[in-house]
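There are two complexes below, and they share chain A, which is joined by chain B in the first and by chain C in the second.
Presenting the complex of A and B:
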């Protein structure tokens, strides 16, 4: 199978962030990681490869030079090839999807394309579905269970109140992964050594003939939200403290 | 004249609260409003939509959500009626449907908005798991917004007349992403993303069985039950209960955190709750710096007391 995984480099989830120039995240001192949902996509891709002899897993990212780091991690985990669409521009999701689609096609016809359901930087949650539309493929996102056999993907996604949709799609298709799908592996030491030697295919958006269209969204500003003032700890014996808490919830906070 | 289209979801024949919030926003905007519903009995909504000139009632889409058919139908509706703006609640449904529609019509789409200005066509949304806020101007011919539940007012002003119901046939396209079955979740469970009250447990709950204690408290408050990542990773709770960075972002008026230390990745998922209550036996737990009210104590003692006290107060 010709398997693709789209991944994105994001600031470490534990990082506290600040803004410079009113609309950019201050990058100095930041640690970068693969967006957590993309790790589930990557793990699913590697498991598929392991099950189907002769398969390849190509990891693709769109981003600046530093994004090479996530491709190396993907290779160390078990991806067999990597493509970097290198750009410093702020692209909207239509343009990113176009870049990813062109990068996939540059490697041949896909059987399945996986991505995280959402990147935890812009938190839009649209990319897998945009990519599918650009490539005219069926897609499901927010997938927590999947099984691929005989050219058919059977997946499950959670909707409201714990209900699940069971979905069937013919391959090729696009799948947006979420937590619950699997437990991503850690890269092995040998994997890390091997990953260093792999040559990453590089393109610019222009080389992929992605036209620079007027972006659909313009980021005007980024800001740090106001923090609430810390509240109070209610002292006293448990029964008294609980009584006081209920009184405060009813009379002061008015939420009961 | 351009119109703002509101995609509404219903439950038991009524427009859901989160959809009413989207409708109220659209009605406060500068152009007339049209509502679209895929509900089988959707035409009946007209009586409750005074002040809305048009209700598009989609028929023939089937009784199960089929993403490709719904997306193609909305695309046709947008194109044929010259719709420039579409708003909806940020729900499980719109999270799936709106990106599909936006990709089809090359729209600007801002998901999970906490503020929207329909005159200036810009929105504010949390990014980096709520660590930052982005102000985004939409810049496409058609623009879509989904609104975080419980942020916008849901009161709909009384208007004149009821809408004209326009029947719309569902698009005749194949369902390539085919929903074959919808398996119901546990009965009576409150959906966390729209819940007004949430009771959540962390590692301090100690095991899966003890979550029953939180469920009992939740029942008194008509609340949803959530969990921290630590509790989910320890398999005390299911993933669909996880609140925080790789789980759900919730926004209730009351959030009761029991045995949760308050790591940043949990906090970013619930920090916009109107009131946060923390119950933890560790007085140094970071959650106490973020909670409006805290009780330092053993949750196994405090939670039953709280349940009993709330039963008294609410009756």
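Presenting the complex of A and C:
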């Protein structure tokens, strides 16, 4: 199988973020990781490769030079090839999807494309579906269980109210992975040393003919949310406390 | 200090950090309290290549450099310091000695299983009467045809009898030559005549169980002599140079864990109407802890880098071990001070760091022996 997995480099989930110049996250001193949902996609891709002899897993990312790090990690975990669409511009999701689609096509016909259902930096949650749209493929996002057999992907996706939707799609298709799909493996030391020797294929958006795309979305400004006031505990007997709570909600918060 | 590191070193460090956060930190306090040898963790570490980090890939090792080794060990030690003792003994002292001094047959026989973590390596030099002074060694190895007959009792050996042990043992082949009559042997479980004696009850690093080893007419095939006869003391000293980078790293891990715990606590603990981190008295402690740590880290990094470049590093490894171990004690002590009364309880990890820090000034050469090594090497 020709398996592709789209991954994004994001700040570590524990990093404390600040804004620089009103439009950018300050990058100095930040630790970068693979977006956690993309790790589920990557693990699913590697498991699929291990089940089907002769398969390849190509990891693709769009981002600046530093994003090479996530491709090395993907290779160390078990991806067999890597493609880096290198750009310092802030692309919107349409342009990113176009870059990814072109990068996939440059490597041949895909059997399946996986990605995280969303990246934990901007949390747009649109990429798997945009990519499917650009490539004219069926897609399911929020996938928590999947099985690929006989040219079909049978997946379960999480929907509202804790329910699950079962979908069958013909390959090739696009899958947006969510937490619970699997437990991503650690990159092994042997994998890390092997990853060092793999040559990452590099493109610019211009080389993929996607630079001329008009942005559909412009980022105007970025700000850190105001700190929430700490919660208040109302002490006393339950009956009195409830009375006090109702009074506060009516007189102070004015929500009643 | 990321700007000093290669991509592979950073990836290994990040992998070890993730492994530690998921597999070690959640169970560390409980395991350490029970003094239970970490069989499961070592098995998982072996699957990731962490049991053979610096050994060549042809034997199933990681082929990584000493700087990478130092980074991985520090991350693991931040979760549980005992593991660094076990893994550094395994990698640097046991597997490292076989790789450096062993025959091809010995390497083929032992290294793949050591790298995968199937076998666990130990190092046994110390005896009741021979601590810093190896000339007090009494354990005998007498040649009898194709075997050596070993008799004696070794002290403070880090091992668990439920492992498939491989022990680098030092014993006298020529007693009258003192340290020049010591030879090294590779002992494994197929050899009858050795057993584990009294288990020590220790102040800290309890997960790394430490015991006496008793040899009674233990027959060791001559093929298991490591290197040349009567060269054992030299081999031990060479192995310990590398071992000291491991112990310096263990000390760095304890220091760093102490700094992280104390910083976190100081930011959240309020007294006098504000977090204590806003008080200069606390800030000075945090400043000193960080400065001592960075100095120790750089000394250890230098020793590891010199080793990777094939330079002599005895003096530098001794400096790293001396400084880092004293820093660990300093930082753990300050971390308890910052925690106040809570730091003295088992509800916070700093009391464990305090106990774990103490041994790093003693084993693989006391601070006094490190100063001796530094002085002698500085006056050459």
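General remarks:
Please note the rule applied: the second predicted complex is superposed on the first by the 229 of 256 C-alpha atoms of A that agree within 3 Å, B and C clash if a C-alpha of one lies under 4 Å from a C-alpha of the other, contacts with A are read in each partner's own complex, and residues count from 1 in each chain.
Throughout what follows, contacts are C-beta pairs under 8 Å (C-beta built on N, C-alpha and C of every residue); 3 or more make two chains touch, one makes a residue touch a chain.
Computed from a prediction, not measured in an experiment: that's the story for all the values here.
Look at A:64: by the touch rule set out above, it reaches neither chain B nor chain C.
In the superposition on chain A, A:196 makes contact with chain C only, not with chain B.
In the superposition on chain A, contact of A:215 is made with chain B only, not with chain C. In the overlay built on the shared chain, the residue A:228 is in contact with chain B alone; chain C does not reach it. Under the contact criterion defined above, no residue of chain A touches both chain B in one complex and chain C in the other. Those residues of chain C that touch chain A in the complex are listed here as 7-8, 10-12, 14-15, 18-19, 47-50, 53, 57, 62-64.
Those residues of chain A lying in contact with chain B across their complex are 11, 13-14, 16-17, 19, 25, 36-37, 92-94, 97, 120-126, 129-130, 132-134, 138-142, 144, 157-170, 173, 179-180, 214-225, 228, 230-234, 238-239, 241-243, 245-246, 248-250, 253, 255-256. Residues 65, 67-68, 91-93, 95-96, 98-100, 102-104, 106-112, 122, 125-140, 143, 176-186, 189-191, 193, 197, 238-240, 242, 245-247, 253-254, 264-265, 271, 274-277, 283, 288-297, 301-302, 305-306, 309-310, 313-314 of chain B touch chain A in their complex.
Across the interface of their complex, chain C is touched by residues 33, 69, 72-73, 76, 186-190, 192-193, 195-196 of chain A.
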